[in-house]
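Paired with chain B in one complex and with chain C in the other, chain A is shared by the two complexes that follow.
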Partner chain A sequence: MIAQVYGKRGATAVHRYDPRAKTLLLLAFLVLFFLPIRVGYLAAYLAVVVALSWVFLGIPNTLRPIRLILPILILVLLLTPPFYREGIALLTIRGFTVLSVNGLLLALRLMVRFSGITMVFYLFIGTTDPDQMILALRWFRLPYTMSLVLSLALGYIPTIRTLYDQVRDAHQLRLAVREEGSRAVGARRQGRGLFKRLREAIPILTSVLILSVRRIPTLAMALECRGVGRKNPRSSYHTLKRGGALLGEGVITAAAVAVLVISVLLFP
Partner chain B sequence: MSDNQRKAGIAGSPAFRIASLAILTALTAVFTYMVRIPIARTGGYLNLGDVIIYFTSFTFGPVSALVAGGLGTAITDLISGYSQWAPISLLAHGLQGLVAGLIASVARPGKPATFNPFWLIAAVAGTIVMAGGYLIAQILMLGVGAALFELPWNLLQNLIGVVGAIPLTIAVRKAYPPVAKLRW
Partner chain C sequence: MTSIDPDLSIRNLSFSYPEYPGIAARHLFGGLNLELPAGSIAVLLARPDRGKTTLCRVLAGLIPRFTGGELQGEVSLGILQLPEKVPYELIEQVGLVFQHPGEQLLASRCDSEVAFPLESLGVPRSEIETRLAAALRTMDLERYRYKSPKVLSGGEKKKLLIACLLAVDPRLWLLDETLEELDSGTKTQLLQLLKDRRRSTLILSAKWHDLFREYVDSIFLMEEGRVRAVRENPGSPEFQRLLLKRGFVLPGESAKRANGSPPKGSSPERLSAGKRVSTAPAKAAVPEDDALLVAEDLYFRYEDEGRGSGPAFSLQIGHLRLTAGRVLAIVGDNGSGKSTLGRLLCGLLSPGAGQIRIRRGGILQPAGAEELNRYTGYLFQDPDLQIFLPTVFEELALGLKHMSLTAEEINRRVQETVSLFGLPAGEAPPSLMSYGIRKKLQAGVYHLLERPLMIIDEGDSGLSVDDFARMVHIFRKKAGALVFITHDHRLAGALADEVAELRSGRFV
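Let's turn to the complex of A and B:
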């Protein structure tokens, strides 16, 4: 499922870059966007991230997260200034300051911060293979059992989705047969309230939950047959980079973090 | 399976715990991302993720709800392109499930398939934790104005979760009584 977001498998240097190093860079950028530096400099860092996304993920993929967060950005621009009315007033209605310089600057800072966080996460997710991500989390001491839960859950999402579709179709079919036809039922549903719709969904949810929960003992037995739960160490057939390749990317990451730190110190 | 695990029943085995967490996490992700109820006139949607989180906390206990609630919603954020919210969802929904599960497990009813009044207290506490967590994160990321605008939606989302989870829990326990043995 995450593979829908993850594009160009292994296509660019950033896609092949070590996921541990990318995680450290992600954290560095996240901290950066929360630092109290000038809005203009924050916008410059955002421009760097957008440019990286443009180069490594392409224009359509770069525009996708921006389109998704656009309504939130508009909301921030409209709703932040009335809460911060200090500074030179730019717009006053009947003695009430609606827009001030400080309020506008804060709104811009929040917009740049949120856009930056969004783009950094999008770049990370879009260029990191989910399997590599789980290996990186294990390297950062995530317990083996938790990474197994994550892998199994990702594998089961399409199965449960299909199960839900089948159960819903079966319920709709029975309802259509019993009543006056699916089109008429659908038309009547348009006008129904939220809680009524929820009540109608309960039988479907009950069926899906029971069918899903009944799979747990079977999956548990399958896991036991594969030796899960024993004390002996687990082997892994997928490994992360080691030796020279890791050292090289570690040096590049350290240099990038150093550049970020120096730039923040020089342009506070 | 070791002797201790046999004594504890199937729910005591590590393989069972991994299997139950994986299935419940996948259920939470599917119900958050794919199963949605449209809101009339606004064109918006409410998801049923909180229904599954409260169901998990009432039926499977606090640890299952912590992991399934946190991981399931974080996976949804990653899939749907809102990956910036994934760490916040992991914490807010995970703690929501943990708190609701802890309170719900204080008093268990005599009959498993009946309403437990502690579920309401658990749901209120879960709502406070989840909505409060998002509010703090949104104040830091989006400012007070946008955070306060989002708050009623988070509360409505939780209300849907509670209203859906209570009949769902009773229905599942009535239709499939062995579910009570799967708690750990």
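Let's turn to the complex of A and C:
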């Protein structure tokens, strides 16, 4: 998912935007989505993030994360209301409240919050080169090792996606179970039921988990072979923006954060 | 082979892996001695699972640091005592290229990958820029500079790792089966470079390459936990007999070399032992009675990965016919599209244009991805992507469980396969097995699936040639048709009925 946005690095203004500014915007939006404000307002902020993604990354890239989390959103919608039955009952079966206004509002809040967090990560982190991310985190005075770990963890998302594709291919051949289309030009995508796809994904996800765990020691070896752990000062091949461009983006970021603060105060 | 002033000196090295639940401690080396003079290139030949990777990792400081186990003996590089050092302190002294390149690549871009160790060393930015540009240029990877290493082929990934070492230029180079999966031009270039730079180099290999004769100063054999220097002249019949006996060459190859066939500058055609180099056989000229698969006018290009700054890579195959009982070898340089063709033939990729027909019910019929998945077995270049389960038995039995067989029948077939491929006992955990043995297990898995067409992608990497020849023999008997992908023209010529060469996505 994120790999495909990385692949377009430099292609849009949001890709070129300073990673320090993106980190600040990310934090501002994360705080926002956790604030106990009205669901309607939260949805409005989500709409803003979706609109930004739509404008800068295009429709397919905006729909991709939403499609990815859709099964979780459906589960939240189905499973939250029966456990929170306070408030006006909307659906009662044999005296048992299955759906209430409060339960529905809570489900919607969780859905909007989860979608918002996913979208801001996708928009701000997914468009940032991991090397730039490390520089930004170091600029915020995080130690290099911690910045590297955070960057590797975030960078591992596309790796897992690649691994998932490769393992899916292996399962597909070995068990002759076909899941979805391929990356080829002209490849056909076959529609199938959500639950069938989820069921088929379980062995693939299990294999991906096993392979990921198995890779931990080799990853550690690879890092030490590249000198991670040395005590000498580290230099940097990549650089962060300076001068007028940074000033302009800093002003835009400050203005955006101010607008968010004011809007939260005006519409609690 | 002892020198007065060795650069690398290993004395009385012994190592045992720790015990794991249900698995006894494995004693790998005992009294291992090796000396490498400064600036010399040595090759250490050993069959799979004899401890090549472990030895490399001991020298790089990774073992026993990351695995546990008991290490004894002396290992020194000049005045440095290596076991006293941690890997990150050694990066200017010891450079290691992992056997499995995917495990060592960390960065999101090729240039960042090369720059990473230089940043760790605190090299100024301007010098990083100069060194990485030179390293990428030397390995012919400039066009991938801003691309993700993930889009590179297996061989190109190894080239990128070599570029990382070139940029750092350590004193001792450890190449763990690095020459496997590299095309012959890159192999020659790498060896020449090491010779010119006079870097102490230890190449570990399960296979004898003719290039060694020209570039290598000393040859060692590793057997039963010990290393011995080979004193026979590499051109002599005695040496050829030794290679043959240990399974580092095939019988036909050995005879040819002993008769003095030239290793250098030989064209793939001449190296193919008299086998015809296929150039996309003309469709009108061949009957299709015995064809199992026919591909026509195939076209494929990757959607948006843009593997380079030049035009996007595309594969174009006019006509390809795979015949029952025949073995086709596909050779070609790194990134020429060999694996892409393999993935098209087994339905993991769908062509943008063209058609693949397979024989069903006695006639050739167009096949979609699902039919090709069921018809073709494909051994990935990376065995770890096809091995997930905790034991050898479970791994082999998985496919059989989907065939509605009885438990006794599953057990019988698994035992038969274990014996056929020389695998460890059924309860052995694949995660603790060597790369070569994991490749054999991967082959065993597909052997049990009984597919009419088998494709082996760089299956010879990590295996000795006699192991690979045996694998080809087993699949030749079992499958209707067999395709194997390799960089080794000589091996292709010796084992295949037909050899086809891909260059930039086209048969030449």
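In the analysis below, the second predicted complex is superposed on the first by the 171 of 268 C-alpha atoms of A that agree within 3 Å, B and C clash if a C-alpha of one lies under 4 Å from a C-alpha of the other, contacts with A are read in each partner's own complex, and residues count from 1 in each chain.
We take it that a residue touches a chain if its C-beta (ideal position, glycine included) is under 8 Å from a C-beta of that chain, and two chains touch if they have at least 3 such contacts.
What you see is a predicted model; the values in this text were computed from it and never measured.
By the touch criterion stated above, A:A170 is placed in contact with chain C alone, chain B being left untouched. Once the two complexes are overlaid on the shared chain, A:S212 sits against chain B while remaining clear of chain C. Within the superposed three-chain model, A:I202 lies in touch with chain B and out of touch with chain C [touch as defined at top]. Contacts of A:L223 after superposition: both chain B and chain C are touched. Of the two partner chains, chain B is the only one that A:L75 touches; chain C does not reach it. In the superposition on chain A, no contact is made by A:P143 with either chain B or chain C. Contacts of A:P65 after superposition: chain B is touched, whereas chain C is not reached. In the superposition on chain A, A:Y122 contacts chain B only, with no contact to chain C.
Put simply, chain A uses residues 4, 152, 159, 206, 210, 214-215, 217, 219-224, 228-229 to touch chain B in one complex and chain C in the other. Across the complex, chain A meets chain B through its residues 1-2, 4-5, 34, 64-65, 68, 72, 75-76, 78-83, 106-107, 110, 113-114, 117-118, 121-122, 124-125, 145-146, 148-150, 152-154, 156-157, 159-161, 164, 190-191, 193-195, 197-199, 201-203, 205-206, 208-210, 212-217, 219-224, 228-229.
Against chain A, the residues of chain C that register as touching in their complex are 57, 60-62, 66-67, 86-89, 91, 96, 98, 100, 103-109, 111-112, 115-125, 128-129, 132, 148, 150, 164, 300-306, 343, 346, 348-353, 369-370, 373-374, 376-378, 380, 382, 384-386, 388, 398-399, 402, 431, 445-446, 449.
Within the complex formed with chain A, the residues of chain B that make contact are 1, 5, 10, 13-23, 25-27, 29-31, 34-35, 37, 39-40, 46, 48, 51-52, 55, 67, 71-72, 75, 78-79, 81-84, 86, 140-146, 148-149, 160, 163-164, 167-168, 171-172, 175-176, 179, 182.
Those residues of chain A lying in contact with chain C across their complex are 3-4, 6-7, 129-131, 152, 155, 158-159, 162-163, 166-167, 169-170, 172-176, 178, 181-188, 206-207, 210-211, 214-215, 217-230, 232-239.
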